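Quick heads-up: structures coming right below.
Okay, so chain A shows up in both of these, paired with chain B first and chain C after.
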Partner chain A sequence: MRGTFRFLLLTALGLIVFPFIIHPIGGYAGLATQVVIVSIASVGFNLLLGEAGMLSYGQAMFYGGGGYVTAILLLRAMPEHPNLWLAVLGGTVATAFIAGVIGTLVVRVYGIYFALLTLAFAQMIFFIVEQAKQWTNGDDGLQSIPDAPLWFGPQSVDLQATLPPFDLGPFGNLSEIHLWYPFAAVVLLLVLWFVRTLNASQFGEVLAAIRENEERSAFVGFIPARYRFAAFVVAGALTGLAGSLRAIYDGVVAVEGLGIDRSGSFVIYTVVGGVQTLLGPVVGTAVIMYLENVLSAHTGSWRLIEGVIFVLAIVFMPGGIVGTLRSAGARKGRATLRKSLDPRPGAP
Partner chain B sequence: MALETRGLGKSFGHFAAVADVDFHVEPGELRAVIGPNGAGKTTFFNLISGVLEASAGTISFEGRDVTRTSGPHRVHLGIAKAFQTANLYPERSVLQNCRLAALAHVQGPFAFEVIRASQRLGAVDELAASALESVDLQAAADVRAGELSHGDKKRLDIAIALATRPKVLLLDEPIAGMSKDEARKTEGLVKQLASKMTVLIIEHDMDLIMGISDSITVLHQGRVLASGTPAEVRANAEVQQAYLGGHSAAEIPT
Partner chain C sequence: MLEAYAQALLNGLVLGLTYVAIAIGLTIVFGTLRLVNFAHGAFYAIGAYVGLVVAQQAGIVAGFVAAPIAVAIFAVLLDRVVLRYFYQRDATSQILLTFGIALVVQETLRVIFGGTAQRYPVPAELATAVVLGSFAYPAYRLVFAFGVIVLIIAVWLFLERTNYGLIVRAGIRDRVMVQLLGGNIRAASTVVFAFGAAIAGLVGAAASPIYSVEPTTGFDFLVPSFVVVVVGGLGSFWGAVLGGILIGELQSLTTVVFAPAANVVIYLCMALVLIFRPQGLLGESEVIKQ
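Entry: the complex of A and B
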C-alpha cells in the first residue's frame, strides 16, 4: 500500500513538471497532453506484451475504434448536450466489446500468428470504417466533433480553458496549459494505479505464470485461454479509452488512427520505454513522440530515425529505458520479446 | 473405482498410439504402467490427464465421465500429473512454484480477481508448504527452480502436482536420470504418496516397479498385453516374449 502511494506520488510529480521541461527543449504544452493520452494506450498495450506475452499488432483497431465511436456518439447522439463522460464511456465499452468478439478468435494462437491475426483484424476494421461512409465519412474522417465539457453534477468544466497566466521564464507560461492536461494526467494516474494493482493481483500473478509456462499452468488447473482473453479485453478497453479521449481532444478522427502505423507505434513506444515495467510505456511514448515532434520539423526522414531507434533498442537495450535502470531488466526484457514471437504456447 | 477407461484409443493419422484400452484402478492403488519404448505409455497418461483428447472410448473418474473434460478441469476434479521432463516455472522460487499450484486449487480454474493479491491467502501458503514438505524440499524454498539439481527438479514437479490436492497422481518416469541416492529417496516418496492417494506410475526401472507396485498393466503397441500383480505379470509368457525379449522369468529382478 505504501509502495503504491509512493509510486503514484512520484508519477504525479513527474506529470506536473513534464509540460514545463519539454517547453525549453522544443516541445509545447499540447504535445504533453497528447503524450499523456496516448500513454494510456501504451500502458494497456504493455499489459498484453509485458504481462501476458501477447504481441498485438492491431491495437489501432481499439485506439481508432474508440475514437470513432466517441465521435459518432457526440455528433449523432448528443450534438445538443455533449457529455464527455458518456462519450468516453461509450467509446471504452464499445472497444471492450469489440475486443471480446475478436479475443475469442485470437487468444488460441500464439506469437507471430497472434501478431498477424490481430493485424488482419485491424485491417478489416480499417476497411469497414473506410467503407461505411454515411457514418464515418470515409477517408475524410469526422470533423467538428462537438467540444464536450466535463460535467460534475450541475457544474460543467470546459477543458479548453487555460490555467491563469504566470510567467515561468524559460519554462513558458502557465496559461499555455489547457485544463485538458491535468484531466488527462489524472486519468493516466488512475489507469496506472489500476494496472499496477492488477499486475500484483491473483489475476496478474496467474497471467504472468501462463506467459512463463502455459502447459504447467494448465496442469495445475488454470484455464489459459480465459486469462489471455481477459487481458486482451482489458488492454482493448484501455486503448479504446485513450482513443476516445484523443478524439475529443483533437476534435477530429481520421482513418489513420486505425492504421498499421498506429498499431506499430504502440509496439515501438513500449519496447523503447521498457516492456515489463509499468512506467516504461509512458516514458517510451514521451521520448518517441517528443523526438518525432522536434526532428520531423528539421528532417523528412523521421521514420528512418525512428526505425533505427527501435532496432537499436531491441538489440542493445531489450529492457527499454526504464528496464535498463533495473537489475535483470535487460534479461527479462529480452526473454519477453523473444517469447512474444514464439508461435508455441508459452514454454520456459 | 477411482479411474476407469473403456475402449480408450488415440490415433495420430493412421498410427494408433493407444488402442482399445480397458483399464481400471481402485482408490489407494499403486499401479505401474510398463511396456517397451513406443508402447503408448506416455500417450495413455496424456489421455488420462487431458493433455491429449481421446479419439475413441471413454474415461471416467469416480464414476463421472471426463472424456471431454479439459485438462485444467480434470486437475480440479483431482487428477494431477508430474511430467516426464520436469515442467516448472524456472524463473520462480521453489516455493512460488508450489504457491501457484496451491493458488489454482484455492481459487479455481479462472477468477477475475484483479484487486487482491495471493499473499493474503493463508490456505495457499499452507498447501504450498505441506507440498514442499512432502518431497523434502523445504530447505530449498527460496532457490530459483531453474537452479535445482535434476533430481530436485523432478521432485519439485511432484510437489507442484501435490499442491493441487490430487486424488489420482500420475508420475511419468519419476526416477529417470536420477543418481542412485536420488532414486532411493524418490522411491521412498512414491511409497509414501501411495499410502495417501491413488498413484499411477510409468517407469523403466524394473527393480522399482516390482518392489513397490500393487499391480501392473503392461502396454504393448498401444494395447493392454497383460494386467495383474507383479508376480502374475512376471510369470506371463506373452509379457516375457514381447517386453522382456524372451528371457526367462528367473532373470527378471525381483
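Entry: the complex of A and C
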C-alpha cells in the first residue's frame, strides 16, 4: 500500500508541474491537456502490448469510436442538457462493447495475424463510419460538439474556465490552465492506479505468464483466450475513454481519428516511452507529442524524425525511455528511482 | 455493362499480379528467415522512385534495370546492418522494427520527392490500346501482366530447379534440419532476401506507369500484399499467387458494384479466412505455429 501511495503521489507531482515545465521550452497548457488525454489510450495500449504481448494495429477504432459515440450522444441525445459524465460513460461503454465483439474473433490469433486482423477491423470500422453519413457526416467529421459541463449533483463546473491569475515567471501564468487539465490529469491518475492494481493482481500475473509461455499457462489450468479477451476489452475501453474525452475537449471528431496513422501513433508513443513499464506510455506520449509540436513548426520533415526516433528506440533502447532509466538506476544501485517507476507494487 | 465487368476483370488481374509479385517476396522471406517484413512495401516504393528518376534521365528500359538492382543493394545493406539481429526475435519485435524502417523510408521519400503523386509516362510504343472484342484496353497493362506472369514462372523455376531453391524450399519446411544436413541457409537467405526485394523493386518501377507513385505507396501496397499472403497461406508460393489474383479481382469487381467498399472488402475477406481457415487457403498448418 505504501508503494501505491508513493507512486500516486510522485505521479501526481509530475502531472502538476508538467504544464509549467514545458512552457519555457515551447510547449503550452493546451498541449499538456492533449498529452494527458492521449496518454490514457497509450496506457491502455500498453496493457495489450506490454502485459499480454498483443500488438494491435487497430487501436484507433476504439479511440475514434469512443469519440464518435460521445459526439453523437452530445449532439443528438442531449443537445439541451449536455452532461460530460453521461457522454463519456456512453463512449467508453460502447467501445468496451465493440472490443468485446471484435475480441471474441481476434484473441485466437497471434503475432502478425493479430496485428493484421486488428488492422482489418479498424479499417472496416473506418469505412462504416465514413459511409454512415447521416450520423457521422462522412469525411467532414462532426463539428460544434456541445461543451459539456461537469455535473457534481446540482453543481456544474465549466471545464473551459481558467485558474486564477498568478504569475510564475518563465513558467507562464496559472491563468493559462483551463480546468480541463486538472480534470484530465485526475482521470489519468485513476487509470494508472487501476492498471497498476490490475498488473499486480492475479489477472496481471496470469497475463504475463501467458505472454511468456502460453502453452505452459494452459497446462497449469488457465484458459489463455479468456485472459487475452479481458485484456483486449479493458484496453479498448481505456482507449475509448481517451477518445471520448478528446472529442469533447476538441469539440470536433474526424475520421482521421479512426485511421491507420492514429493506430500507429499509439505504437510509437508506447515503444519510445517504454513497453512493460507503467509510466512509459505516458512519458512516450509526452515526449513525442511535445517534439511534434515544437519541431513541426520549424521543419517539414517531422515525421521522418519521428520514424528515426522510433527505429533507434527499438534497436538501441528496447526498454524505451522509462525502461532504460530504470535499468540505469538499477545499475547505479539507485533503488529509489527504480522502485518509484516499477509497475508492480512491492516488486524488488 | 458487360464491358465494364470485363474491363474490371482485366484491371483486377493486373492489380492482382502486382500484389502477387510483392507477396512472393514476403512469403519466401517469411518462410526461410521467419522474418515478418513490414518494410517490404518500401522496396516497391523505392523501386518506383528509382525507376522514375532513371527513366527520366536514360529511358524507361534503364529504369527497369536500375530499380531492382538499387533495391537489392538497399535490401542487403538493411539485412546486414539491422534486420539480421532480429531474425531470432519474436514476431512483435520484427513487426515493430520493420514498421519503423518503412516509416523512415516513406518519410525520406517525402522529403526528397515531395508528397504529391507522380506518374511516369507509358513507353511510346506501348501507349496504344488493344481492341479486345467490344472494348479497347491499354496495351501497356497487357504487357505488364504478361511480364509479371513470366516473372512468377521464373521465380517458381528458380525455387524448383536450382540448389538455392532447394535449400529455400527445404528451409520453409524444416529450417533446423537443413542446417543439420549442411545446407547454408544463411547465404541462401541473403540471396532470397535480395531476390524478393528486387522483384518488389522491379514491379514498383514497372507498375508506376499504371498506378501513380507517392511516398505512401509503400504502405498502400504492403497492407493488401500482407492480406494476400495471409489469405493464400503464409510461406506458400502458390498461395500467394492464388491469394493475389483473388484479392485483386475482388477489389476491382467491388469497384464496379459499390466503389466505396473496394478498400474494405479485402479486409473482410481476410477476417473470414483467418477465422475459418487460419492457415490460409493453401497454407500448411505447421507454418502458422511459428
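We take it that the second predicted complex is superposed on the first by the 327 of 348 C-alpha atoms of A that agree within 3 Å, B and C clash if a C-alpha of one lies under 4 Å from a C-alpha of the other, contacts with A are read in each partner's own complex, and residues count from 1 in each chain.
In this section, a contact is a pair of C-beta atoms (placed from the backbone, for glycine too) under 8 Å apart; a residue touches a chain by one contact, two chains touch by 3 or more.
Since the structure is predicted, the reported quantities are computational estimates derived from the model, not experimental observations.
In the superposition on chain A, A:A120 makes contact with chain C only, while chain B stays out of contact range. Contacts of A:G307 after superposition: chain C is touched, whereas chain B is not reached. Contact with neither chain B nor chain C is seen for A:S175 once the two complexes are overlaid on the shared chain. Looking at the shared chain after the overlay, A:S144 reaches neither chain B nor chain C.
Shared-chain residue A:Q160: touches no atom of chain B or chain C. Once chain A of one complex is fitted onto chain A of the other, the partner contacts of A:S201 are limited to chain B, with no touch recorded for chain C.
Contacts of A:T4 after superposition: neither chain B nor chain C is touched. By the touch criterion stated above, A:S217 is placed in contact with chain B alone, chain C being left untouched.
Shared-chain residue A:Y227: touches chain B; no touch with chain C. Chain A is touched at more residues by one of its partners, and among chain B and chain C that partner is C.
In the three-chain superposition model, chain A touches chain B and chain C at no common residue.
If you check the complex, the residues on chain C that touch chain A are 36, 82, 85, 90-93, 95-97, 99-101, 103-104, 106-108, 110-111, 219, 223, 226-227, 230, 234, 260-261, 263-264, 267-268, 270-271, 274-275, 278, 288. On chain A, the positions that touch chain C within their shared complex are 49, 53, 55, 105, 108-113, 115-117, 119-121, 123-124, 126-127, 130-131, 260, 264, 267, 271, 300-301, 303-304, 306-308, 310-311, 314-315, 318. Interface residues of chain B facing chain A in the complex, by the touch rule stated above, are 49, 51, 70-73, 75-76, 80-81, 83, 87-92, 100-101, 103-105, 107-118, 146, 160-161, 163-164.
Across the complex, chain B is touched by residues 197-198, 200-206, 209, 212-213, 215-223, 226-227, 230, 348 of chain A.
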